[in-house]
Each structure stands twice: as structure tokens, then as C-alpha cells.
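Going in written order, the chains are labelled A, B, C, D and E, and every chain counts its residues from 1.
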């Protein structure tokens, strides 16, 4: 295997007196999909936020392409080629779909003081990328705030895929998606992975994780429970780990093996 | 069968020039779980918002316990015994978990001008109900804005279950939940249904729907595709309907039958 | 049951000293500013400032401002502004003057009527905000102008052309309610203390400080009641919810409209209370009363930690905010600084006090 | 490719008349108010108001206010306030007066220096807001006091004790840049038109309107540039994003700090521009220049449809907002209403104009 | 006939409301129609625009106050150029003729300040404060300057806002901070004079001289009771009344007085105060 794109070692993160991460080690190689799994509140979102420059870790080191690096802002991380779909999506409800899509990285035309936002091109790209994900936008200038939950999530994913040059981080990207959109997203992950992009995929759905993941790291209460490669672990084992080893409530109807 | 608690007939809803619902008919009986399924943007959230008094339908009638009724505000609907988990959760990030839990329906002690919010009792109930759902709160006075996505969703569900007297509406309640929490929510649905509460359950997960649903109504582009009872439909058929009859992207890895 | 509510120790929580926990409360942040400002004036100002009489002297305007500021803070927590507070002071003062002087009503009728009048105007403000969906900023701005203009027109009407209405003190002098709304309270205590030599006296033997100005008591009482309402009642929960996200609050069953209208009414009544107190004290009212007070009230609330976007803040914060503001405005007169620099100092001190509050709060709560 | 961007007809969209689509734009809502106010004054005011010279007369204050209002609108869209705009007008005026009169610099140096000075103060405001995380309301409030005080102190210093600095007109009279910043433009056109009898003249034969006051041209130019920036450039997108949710914007890679600081600088420079124009026009400056202008600028932006919470609004809206405000304040003097009622009318007209804007917008966009 | 008055003080300012009452009385007496206008705050730029607006209406006469000749000059000259007769009042006596005004009715603020200062010095004042409720308003600044010059002893300016409670607290603070201060001059009777009297009373000092510009019934009562020394009256009713009458005469018969009319200063002391109270309460003095 080549060297990891990102290697994070012993990451700790405290919020005031709350300990959200207590020493997590994690890496992503190019062309692999590394799944980050764990119970609610395990610290997954906090962890990927330190990876994408939103939080500064309280302790621990980050190596990006072999060099120690500390991102001062998400913009730095983005410029290094890391694109993220945050769990809260990081969208501005009052702005149009296109403007959200290109927020921070607008395509321009003209030059000098006439350099301007190329709205037409942007609209076109945006509609197209959304259609690729299975959403037919009524109009690219619709405000994001009036989109349905799944439509909104799709915008965030399409945006990240469009800009994710080296690493693509997806925090529960399929949570609000319909079946069609979900399968599109999963196949998109498979596609970008083949192009050599490293993917970090967070999910609570064991089936989704097993479908696209190459390695699986499970967090529990701010700490790593361990990492397993595909084939070394069964869905049922993985599910047990994700639930923190605790018993699942039994259902009179049958949920089959995996939730 | 008894009479439906809510019967909605020919509901239309327009936003300016956007047609979100174009004549939807739907009912819920006491003690049943009626699943509302459909693609992203199909109009599910819009529909249940007209049911819970947030939107006024552009056209159509609502019968509640046999009488035509029109809710002027969500408070009216709540007082009639309808509790809702909205897709956006309707939480105030800056307020504590307990205050969010009881927002609008605070337990009080004392009387006259000394009637006051009984914080201690509220904290206790809140921590307990959250634990029932599988979340151990650090402290009930933590701000909801600092909770993880799944923790936050659990607050909304626990709240609705606590106050849902006759009808419980859940708009994608398990989208951000871990496996343990999900199975708790599903078993909770099964439990309240047995107590005679009518449940409206929206999900994109066919397995979850099949596990607790008694009837399934599928929406597509603002219209009803039809209603089926449990046993009359296979998961694969249901999934096809939910995707709007369109092809699913194929994955090189295997997603098995159902996403 | 109790064991359940305190589910033992969670390894994911660091223990936290008591002081830290205390300082996290938004209402206590503003105390830092008060202490800082006090130290500053201890060093620079004439010692007269911190004698009993000096303290009463800067607390009186602080109290009047604070009553408005606490109301403004509650309204801001509820997500709205009221720019008509200052004009309302003038308008309610005019109404009150007319009731007492021109109509000759006793206070027992004049005061409730004035408050009711003010409350109804507040309700109209609130109703317009809710009906039209316009920002309260612009709606109450219109009220600012309208009430200010109406005070002028009204005063001229009721005084045959003057902008000052006089004779209120004479009209209410013997009313049994007057001592509650004007002058000093606890006078007998202070006389007693002066007799036994604890308090400084004039040559006549009367104490230099005849008592606690009633507005200070109103101020403290209002701060306590407002804090109680905000933190300990359902109404308080609704106010925070409404300001935090009125849509989410509405969807969770909070009667958002009722909350907002009530808050506008409370704000208007607070303005009317200040009007009543100052009009009885001064014995007169004029068309310029309360000028710019809406602005100062909002400043007070913001110094006290309220967010302009709503949903966050405290009444106790506004309480200390008013004291900071009062101390800085009056305090500089006690110093030797060239008074031309007054506004520079006022701005500088405000900034330092607020930055200091904030720094303390950040230090103790950790980064966000 | 084009077919893809317009994916044919969607059965879930009703067709929408062109007018409706037009009216949905926030910038066009404010036009409704302008039309309403115009009709009102057509009926009630002296016919002189809508002669050419009458229009120039109310457009001049509208333009000065509008330059501030557009800057304030941009800043509000970016999620911040600047309460020091008015004081900045006084302070920049003082600086400019000192440069031209005391130092004797020609405008080619004095103007850039004044603008740079203002911009650096704006940058300091922005930096404090970002560093401390305090609301800009309180930070710029401190600047309001500090700059206002500094203007007073500075004026006294540079004029040996007066609060008025005079002689600017004499100092810049012959400067080649003066016509760009003061007086009327296109004078020759107007003289021509007067000669051929198209324009009314005074008895002396000079046209009643000697040209278009330059501030009106600056106003229009600034509105166009601001609109272009907001709607057609990356910077504009960043401004909306920053104001809409600065956290989300930051996480999406928008350089939020840079955007905010730039906006504070633009606002300060707009205030300096107004200061330069009015100081050259008036020939003097004093310590009360620009008093309350921060307030009026925010009003202008809000009338024009900006949200106080940020992320929504337009420069063209503020443009019309300024015209509404200018028309109402000056227009009332053309009517027969008693001056005592002025404020009542001002408030009433503002409310009606804004309610009307809003009603139109709601009608055409359907309920939210 | 139409006459327009443009003043720099607002209609709700007690001082200017008396001017406005004078204007209205004159309108009533002469039968002309008069409009009184003023900017929202002390704002020279806005005021010059109001004058321009008035000129556009081509009235038969224009009355203006001129607190800043530089800023208002061009607008006034434009009025004169348009053939509108202009009379200035209140402030601007030194520049009125230059700008083309027919005459000036008023008092020099500076001279009034000097008169007050001299009188207070003569009454035994040794260290004074000048309480200014609107710092930066040039005419008020001039009053303080005149006071300082006429008083001849140390004078410091206390800036305050428009709130009687605050003024009272500040006067009290100034007196407490420096026991040597024995003279208080207020620049407005109801806003500063009355609270100053209350502050001195609360301190129990009877050696403090209090005087104030302009009149208010409350302050006059204090003067007549001996709690305050005097009020400086510039009889501003006349500043509103006379120019309107003059312009009406001018429009009808072409009659106009040959020179400036001084309307003050007139010091109202203890013996005169009682007589003035009623008139003051009616907004005439």
C-alpha cells in the first residue's frame, strides 16, 4: 500500500469540561473508503471536524501527505483537497441552491475588475450534478430553505463530490435520502474511490457501510474500539461493536439481523 | 375496525407557484402504525405538517375523531392529542435539553402566582425518558445545540412519545440514530401502538417500515400512489414504489435486495 | 428516583470547580464588568463617589435606566426590539400628567390607567409585528416617531401651548400612594442611623442621605421578578423558546403570539413606570423626556449579555449592565479628566467592561 | 447542455406571470413604497415638490443618506451592524477639514488620506468584533462614542476651542477635484436647457436648477456597484453566506473574517465619502455632523428589505429605502401639516410604506 | 401670503416651541400663512436642505436662524438670488447682512453668556461649571464660551444627555467632587436649571449660585423663591413674532425696519420672576 493521505494520531478534543474525544487514531489511504462507525454521541462528527479544520484538536497530531499539518480554517483544508459533508450540511437556508453549491469556490468569468460569478455555468453544473444524484431540481435558484430534507442533503453531497480532490468526508450522508438517492450516493462513493480519492464515510447503517467500506473503525465514548478490514468482520459483529456491546431492544415484529 | 382518528381527504398544498401536494387522502386508526413512504421531495413532510397544524392546506378536508376540524396552530393540534417529531426536530439550540423537552407544556408546581416550572421533576423525567431511548445524558441542562445529531433526534422523539396522547407523527425519526437507539425507537413505536395510539411513521428505510408498519401509503410527486396492508406487499415491491418506479443505480459491491 | 436523575459519574466529564460553574451563568458575567469599573473609579475618581450619598447618586439614573433595560432584555430574549421605549416614557408621562393635573384623578386611578394605556399601545405594537410579519425594529421605529410627536401635540393641547406640563407634585403631594412612587424609602432608618452618628449629617442634623430612592427598590424588585419569570416559570421557558427560534417554538406548541404581545406590553408598562416615577419626582413632564432611552435600554441589555438575535440573555445581566452604564456616565464627572473627553471615555470604558465580561466567560467555559 | 439546464416542464410548478417573477425580487419590493409615497405627496403637497428643483431638493438628502444606507445594507447582509457610521461622518469630516484647512493639502492627497484613515478605523472595528466574538452592536457602539468624542476634542484642538471648523470651501475652491465631490454636475446642459426655455429660470436668468447635485450621481453609482458586487461576484456570494450563517459559511470555505473586515472598511469609507461631500458643500464641519445617521442608515436598509438577522436584503432596496425616507422627511415640509405633527406623520408614513411593500411582496410570493 | 420659518431647533424643544408660538401668534395677527420647519436634530446639512425646499416654494418671505454661516450661506444666498426677502433670527447677527438678509432679530449667544458670567462673578461666584446638554451645538458652545470669558474665573463644561435625572446626578457629582465649585450655569431651564436646583438642594448647600439660559415655569419659581439667582431670557417669542410681522409688512406695504432688533438678553431675577411664571407656563416666555 502507498502512504496514507491523512494520518491522525491520538486526537483529543475537550469542550470546556466535556471530553468529546479521548485519543483517537485514524488514517485514510488514497482509493479506499474508510468507514467511521459508532453509537450516537461517540464523537464521530467531532472527529471529522478536527480533520476538516473546523475544530483544533486539544491534543494529537495530524499528518497530511506525510507532513505534519494543522489547518487553521476549513478553507485551508479545502484548499488542501479535503471536501466534507457535515452532518448539519453547512447550508445557508436563505440562499439559492446554486449559490450554496458554489459557496466559497465560485466559478468566475471575465478578468480584472470585471471578474464575476458565472451564474449560468454554475446553474448548469449544479442542475446536472443534482440530477446525477437522482434529484430533479425545479429551479436552481430555489432557496435551500424550501427544499425537502433529502433534497438538501443531496446538494451537500453533490457539492462535496464536485470539489473533493483528494479526500471526501461524508458524515451520515444518506440519513435523509430516499432509496434511489441512497443507491446513487453509494455508487458515487464507489466511483470516486476508484479515481484514487480517499473517502471517510460515517453511517449508522451497517448494510451501507458493508456495501462500500474497505476498512471499519468503531468509536465508542470518545475512544477507538479498533479497526477491521473488509472480510475480517461480519455485519453482525460490526453491529454489536457499533451498539457499544450493549443489548438491542427486541421487537415483536422481526427486524432481521441488522438494523 | 373502529373509526379513524384522523381522516384527511384530497389535501392540496401550494407554496406560491410550487405545487407540493396535489390531492392526498390518508387516515390513521387507533392502535395502528401507518407508514408514509416516498421519494425525496414527494411531499411527505409537507403532508404531515398540514396534519399537525403547521400548514393550512390549500384545499381538502381534515376530520378528527369524526368531526371536521381545522387546526389554527400546532398548539391546537397538540391539545387535541397529536404529537409530532418534525424532520427539522423543532428544537432551540441555545436552550437546555430539559427546557426543550417540555417546551410549551411545562410541568408546574405551586399555585397562584407561585405556580412555577418544576425544574427538578422535569430534569428527572427528561433524563429517564432519554435513558429509555438509549441515550445517557451527561447533564439535562446541556444546551441542545451541543448535542450530537442522534442525541438531538432522540430528545425530539422522547418528547413526542411522552406527550403523544392519541396520534404520534414521526417524520424520519431514526435517520440520525445509532443501531441501539433505532431499535429502541422501533420497539417504542410498537409499544405505544399497543396502547391504542395511532402512529404515522415516515421513513426511507423499507426494513424499518416493514418491521413496525401495519399499512403503507406511498407518495410520489405530491400524489398518492396507493395504500397497501402488511402482508399484501413484499419489501421489494414496496422499495420499487418508493423509488417512484425508477431504476436503482447498481453497485459493484452488493447491497442485497433492500437499501 | 434521585439516583436516576444523577446517573453517577460519567468518565466523559471533567470535574469543574464551583467558581467555574458559577461564572458560566450569563447573568454573572456582567458582574466582572461592574467590579472592573468600580476599581477604575476607586483609583481615578474623587472619594465622594463611593460615599453612601455618591452611590445613591449614580444608582438613581442607573435604576431608571435599568427598569427599561430589564424590560428590553426580556423582549430581546423573546426575539424582538422595542424602539419606542423612550418615546413611551414621554407619552406615558404626558398621559399621567393629564390624569393627575388636568383631570385631577387620585393616584390609585391615575397609575393603573396610565399603565393600562401604555400596555394597550404595547399590545398594538405587538399585534402589528405579528400581523404584518415585519421586523419589530421598523414597526416600533414608527411608534417612536408617532408617540414622540403625539406627546408634543398632547402637551401643547393640555397646557395651552407649552411643551411642559407642571404641577404634578402639587397634585399628588398628599396622595397615600405617592411615597411608593417617589422620594426616598426607609427614611426613618436613615434618620435613626444619623442620630446615633453612623451616617453623616447636615448641620441641621438631618442625614445627608435621607433614604433609598424608591426607583432603586423598584429596580431591584423588577430584576428579581424578571429573573424569576425567566428562569422559573413556564412563561420564561416560552420567552427563551420564542426568541431562540420562533418557528420551532410555534411547532412545539408555544403560544408565540401571546408571548410576544405580552412582552411588548411589559416593555411599555416598564416605560410607563419610569415615566410615573420621574414625573412625580420632577413634578413636571415635557416633550423630550426619555429621549434616546430606547437606545440606552438596548445597550444595557447587550452589556448584560443579551444576544441581538434573541433567545439568550438574562435580566440580572441587564441589571448589572445598567449599573455599569450608570457608573460610567456619572462617574467621569467625579474624576479630573477633561470633560471634553467624556464620550471617548464612555465608549472606551463600555468596550473594556464588555470585553472583560466576555473574556472571563470564555476563559471559564472553554472554547465553544 | 442547455436542454439539461432547463429540464423541460415540471408538472409541480404552476406557471407564473412575468410581473410576479419581477416582484419577487427583494429589491423591487421597495418600489411599491416609493410609488405610494409619491402618490400621497402628489395629492397633499405643494406642487413645487415635484418640479425639477423640488425633486433635486429631496433627492439630495436622500442621496447622502442613501450612500450610508447602502453600505449599512451590505454590512447587514453580512450579518453585522455599524453604529459608528454617524460619528464617522463627523470624525472623517474633522480629519478632512484638518487636512485641507490646517495642513493645506490638495484634494488629491486629502481625499485618499481621509478615506484610508476611515477604512483603517473600520478595519479596527471589524478586527475587534472578530477577535473578541462580541456582537458588533456593542463594539461599534463604543466606536460611536469614541469617534464622536474624538471629533469634539479634535475640533477644539485644531480650531483653538471652537467646535466648528470653517474655511474648507475657500481652501479647496480652485482644486481640480472639487467639482467631482461638490456642487452640481452637468451644469452646462442645464444652462443650455434654460437658455432655450425648457427649464424654469430665476429672474436673473439662471436656471432654477443649476445641475444635478454630485451626491445624487455618487448615490446612483454606489447603488449600481453594490448591486453588481452582491449579485454578480464571488464576494457578493460570500457576503450573503457570511450573514446567512457564518458558521456554515466558514465550514464551506468562505473567508468569513476577511469578508466582515472588508465590509466594515467599506462602511467606514462610505461615511467618509459623505463627510467629504457635505464638508466641501457646507464649507465647514462641526462636532454634531452625522448625528443619528447610523440609525437612519439602518432604517433605510430595513425599509429596503434587509433582515436584521443578516443574510437577506439588497442594495437596490436600500436605494429606494433612502428615497422613501428622504421624500417623507422633506416632503412633509411641502405640505400644510403643522410642524408639531411632523413626527406623527413621519412615523405613520414609514409604517404604511413598509407595510405596503411587504403586502405586495407577500401577495406575489404566496404565503411562506 | 406665505411665509416660511426654518429654524435649527426642534418644535419639541421648550425654547423653540416658544419661538414657534410667536410665529403662530404673528400669523394670527397679520393673517398670513406661516410654516415652521426644523431638522430632526441639530444638523446643518439637513437644515440647508430645508432652506432649499423652502426656496423652491417661492414664499413671500423667509425667516431663518443661522448657527453656521458657512453651511447655510449658499442656501440663503440662493433664496436672496431668487428674490425672496430673508430675515434672520436667533443666531447669525454677525453674518446676516453679508448674506443678504434684511435684518436680524435676536441676541448674540456669546454676549448673553458674557452678561451671565459678569453678573454671576459680581454676585460672588469664584469657580463655575457650565452644564451643556447638547455638546457640539455651536450656539450652546458659544454660550459656555461667553460665560467663561465674562466670569473671568475657572469654568469647566459638563456635558450631559437629554435626561433630567442624569443632569441632576451629574451636577451633584460635580459639586461633590470639587467643593470649590459655587456657580452653576445651565443652558436650558427645564432640562438643566430645574435639576440643578434639585441637586443643590439635595446636597444641602446654600452657597451655590444657579443661573440658567431660557425660562421655564419651574425654574422661575426657584428664582422667585431665591433658590436660583436668575434666568437669562432672550425673549425668543419676539424672535418668532417680529420677523413674521416684518415680512408681512414688507410684502403688503414694502415697509421694513432699518436695522437689527436685539431681543435680549434680559436677566429675570427674583423680583421679576413671579410675574413671568404664568406667561412661561403658557409658552410665551
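Everything that follows uses one rule, which is that a residue touches a chain if its C-beta (ideal position, glycine included) is under 8 Å from a C-beta of that chain, and two chains touch if they have at least 3 such contacts.
Here the structure is a predicted model, which is why all the values come from computation and not from measurement.
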{"item": "Fewest touching-chain hops separating chain B from chain C", "value": "1"}
{"item": "Touching chain B and also chain E, the following chains", "value": "C, D"}
{"item": "Chains most often in contact, by C-beta pairs", "value": "A-B"}
{"item": "Centre distance in Å when chain C and chain D are each reduced to the mean of their C-alpha atoms", "value": "33"}
{"item": "For chain A paired with chain C, centre-to-centre distance based on mean C-alpha positions, whole Å", "value": "48"}
{"item": "Multi-partner residues of chain B (each touching 2 or more other chains)", "value": "15, 18, 88, 138"}
{"item": "Sequence positions of chain D contacting 2 or more other chains", "value": "12-13, 152, 340, 342"}
{"item": "Where chain E touches two or more other chains at once, by residue number", "value": "11"}
{"item": "Pairs of chains satisfying the touch condition", "value": "A-B, A-C, A-D, B-C, B-D, C-D, C-E, D-E"}
{"item": "Chain B residues within the chain A interface of the complex", "value": "15, 18, 38-42, 44-45, 87-88, 134-135, 138, 146-151, 154, 172, 175-184, 186-187, 190, 204-208, 210-212, 239, 242-244, 246, 248-256, 258-259"}
{"item": "Chain A contact footprint on chain C (complex, rising order)", "value": "11-16, 20, 365-368"}
{"item": "Touch list for chain A against partner chain D, complex", "value": "52, 54, 73-75, 78-79, 84, 86, 88-95, 99-100, 102-106, 108, 115-117, 119-120, 123-124, 127-128, 131, 136-140"}
{"item": "Complex interface listing, chain B residues touching chain D", "value": "14-20, 22, 221-222"}
{"item": "Residue ranges of chain D touching chain C (in the complex, touch as defined)", "value": "81, 128, 132-135, 137-139, 141-150, 152-153, 156, 298-299, 302-303, 307-309, 340-348, 350-351, 354-355, 358-359, 362"}
